[in-house]
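Shared between the two complexes below is chain A, which has chain B as its partner in the first and chain C in the second.
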Partner chain A sequence: MTEARGLDALPGELMMWVLIVSELMVFGAGLTAMLAMRLTDPASFAAAQEHLFQTGAALNTVVLITSGFLAAQALAWRRAARRMAARAALAGAAALGVLFLWIKGAEYAAKAADGIGWDSHPFFTFYYGLTGFHAAHVAAGIVLLLLVAWRDAPQNIEAGAMFWHMVDLVWVLLYPVVYLLG
Partner chain B sequence: MKYATQKIALAYFSVALALFAIQIVGGLLVGYVYIDPNFLSEVLPFNILRMLHTNSLVVWLLLGFFGAAYFLIPEETEREIHSLMLAYLQLIILVVGTIGVVLTYVFNLFEGNFLLGKEGREFLEQPKWVKAGIVVAALIFLYNVTMTVLKGRKTAISNVLLLGLWGLALLFLFAFYNPENLALDKQYWWYVIHLWVEGVWELIMASILAYLMLKLTGVDREVVEKWLYVIVALALFSGILGTGHHYYWIGTPGYWQWIGSIFSSLEVVPFFAMMAFAFVMVWKGRRDHPNKAALLWSLGCATLAFFGAGVWGFLHTLHGVNYYTHGTQITAAHGHLAFYGAYVCLNIAIFTYAMPILRNRDPYNQVLNMAAFWLMSGGMAFMTFTLTFAGTVQTHMQRVLGEYYMDVQDQLDIFYVMRFFSGVAVFIGVLLLIYALAWPRREVITDDASVPAE
Partner chain C sequence: MTGLSRPLLRAWAWLTGLSLAAALATLAPVPPWAVAAATLLLALAKARLILARYLDLARAPCWLSGTMLVLALWAALAFALYAAPALTP
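Presenting the complex of A and B:
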């Protein structure tokens, strides 16, 4: 057998890599556009950002990274033929995903109660757009994690974990730029 | 021809070519109206001519896709088409519907009639009975090809083609919803036309291109399939939310400006991938296929689609740019090269590949066919450039300096004249092409009287 080269050398499913790169391009473009808009009016962007619930976002970062750890652990356990442990880890990762969405939902509810909508300020258009689009990926990821916990072939778990790490990674990019930068 | 039912494709391709000729005549007339605005204004007003030009384009492309499916699905599935009779019935319904539409447009028959009359829309304008006929024809078609695929070998090419064709038919259903509100009418119209040309048609395009590459270059199916899946994923990922680039100024919420800008910018990627795919396959390919013209059209398709749909699309897709260029001749430039590159060239590539096989002869008249390629593609490229310059001048005078629309139009006259003559070049190319594809049966046409005429 010849040594794998080029795209064949990538671990996991090629299509998942195509998806991951595409998602990073979309979120990267969104963040870049937001920063470019911010340059045109830094003061009012900073003022709008003051309204965000930064503690909740920090908590969510911890939740999501822990969840990502569990997904990675699930793959290792599955490869070591510990199927039940792997399934439990996937269920745990999915449960933390639900917790993430619950905290995010509370954050959105608080914004709505303050009368802040997507068109209150350009900052909030990006805030709702980027975090909302990310939350939709979290929801999809939860379904995917449960699906691979059920059909638990190692390559399935690998694909699920790859998707979930992409969701993690995107959050880690969003969190500083949307919540902290100022 | 390995399978007898592939013959169906010949009927579809012939009708498609006839409609293509009509479309180009329509284009010439519309192009001439730009030079001489009162030309035919009583008999065939501009809006009717324009509708004929665009709608006959869509219909002949669809007939070409159907024909392509009937041609390649037997080879891919290694089965005869499920029903020959249904395939011809489908064609008859489509032809009757098309004639019905044209007569209703031109003579405005049955004004105001719910079932038979026009709907009074700018786009998706067919009488209800024709719309229903299109759905019946689509159902017949889907039944026919799906049954064939289910019984036979399943390949990535036939699966992707089927996915594209199902999507095409299902999305057409939005044409039945005709809301009072003009903004909503536009919104749903894009569900049909955008999700066609920047969504499911790309799947059809990628699968037909993959089939042609497989046949013409002899590259392994495994390699072709990997490319095909990646292209399909990229097309759907960018194309679906890319619909947002039509929602900038029609009254839809402002977040569409960002969603549309970001996703539609990425629509360049699948077109680039298709171009890379075609060229890499040719470089890797070991086969020296005699049908050089089909290869030329395939490569031309991938290249001009990248420029027309990809580059010229990106040119005005960002909402900050589109704020100024919306609805100027920039749009017309993009529309012409995108449709020509992506879908016209694709159809002609499969016609050029299939027609000699269907007519049971070697691929003769390659030189004439290739001359037609260069004449048509050169004409379309020139037209795209003149319209791009016209659009740039128009954008500046009308949108930046704020001059009156008709005053600006007077200034664009020189571009419209050049556009008309590039259209004439395309028309001559089309005539050459149709002759090369449909007429000669012998390599050398002789004037020897002892040889019977065709």
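Presenting the complex of A and C:
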């Protein structure tokens, strides 16, 4: 048996990898721009960051990686012809996605109650822009997970799970820069 | 539910542990630059686990190494931008 080389070695759909790399570049550029803007006034950026709900963000990290585990497990189960188990795992992954958005919504509501908006400080412009754009991907991913739970061909589940892992991957890179590097 | 994939379960356990370590790193009595370096390294470790296990890139080691190299360069840039104000007089 010959070993796959080049693009053929990539697991899953090539276009999903194009999407994953594109999204990483977009979020990477946004995070780099935020850190570059921080150079102009690091002290006020650190003070603004202290308003963030770090515990909620840490909890959301665990929520997303657990959801990612369920999505990956769903694909393994579907390939083993365990359709109901795969569907249950996808529904669980989507439910954890909803929990992520609920925690994120509580975080935004707390900021609004404190009178903090996207224009309160340049840090919050980046904070709302980056986390809001990510949350939009989470919302799209939830729809996608439920769609592939319904139309559960293995290649559909693989594409849905890959999208979800991309959302997960972006979060683990976004979390330290936005929430921890004060 | 039975039949859980052991590699996936192991990856999830590592990801949870690394996430906890990142959260606790901010409480450590060390200089901010050390916290920044630690949290970025932990983020890279988590990214590698997601790529290798969840996205199954462990089956394509060249692509995994190449992707990690790009992410490591980005993390180095992020750290340089973070640490630069402390280094300037």
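Structure notes:
The rule is short, and it goes like this: the second predicted complex is superposed on the first by the 178 of 182 C-alpha atoms of A that agree within 3 Å, B and C clash if a C-alpha of one lies under 4 Å from a C-alpha of the other, contacts with A are read in each partner's own complex, and residues count from 1 in each chain.
The rule is short, and it goes like this: a contact is a pair of C-beta atoms (placed from the backbone, for glycine too) under 8 Å apart; a residue touches a chain by one contact, two chains touch by 3 or more.
Keep in mind the model is a prediction, meaning the values are calculated, not measured.
Touch criterion not met for A:Phe163: it reaches neither chain B nor chain C. Taking chain A as the reference, the larger set of touched residues comes from C, when chain B and chain C are compared. Applying the stated contact rule after C-alpha superposition, one finds that A:Phe124 touches neither chain B nor chain C. Touch criterion met: A:Ala88 reaches chain C, while chain B stays clear of it.
Contacts of A:Phe100 after superposition: neither chain B nor chain C is touched. Of the two partner chains placed by superposition, only chain C is touched by A:Leu181; chain B is not. In the overlay built on the shared chain, the residue A:Gly30 is in contact with chain B alone; chain C does not reach it. According to the touch criterion, chain A has no shared surface contacted by chain B in one complex and chain C in the other. Interface of chain B with chain A (complex): residues 226, 229-230, 233-234, 237-238, 253-255, 258-259, 261-263, 265-266, 269. Those residues of chain A whose C-beta lies close enough to touch chain C in the complex are 4, 9-12, 20, 24, 28, 31-32, 35-36, 38-39, 42, 54-55, 58, 61-62, 65-66, 68-69, 71-73, 76-77, 80, 82, 85, 88-89, 161-162, 165, 168-169, 172-173, 175-177, 180-182. Only residues 14-15, 18-19, 22, 25-26, 29-30, 33, 118-119, 125-126, 128-129 of chain A touch chain B when the two sit together in their complex.
Taken in their complex, chain C has these residues touching chain A: 1, 3-5, 8-9, 11-12, 15-16, 19-20, 22-23, 25-26, 32, 35-36, 39-40, 42-43, 46-47, 50-51, 53-57, 59-60, 62-63, 71, 74, 77-78, 81-82, 84-85.
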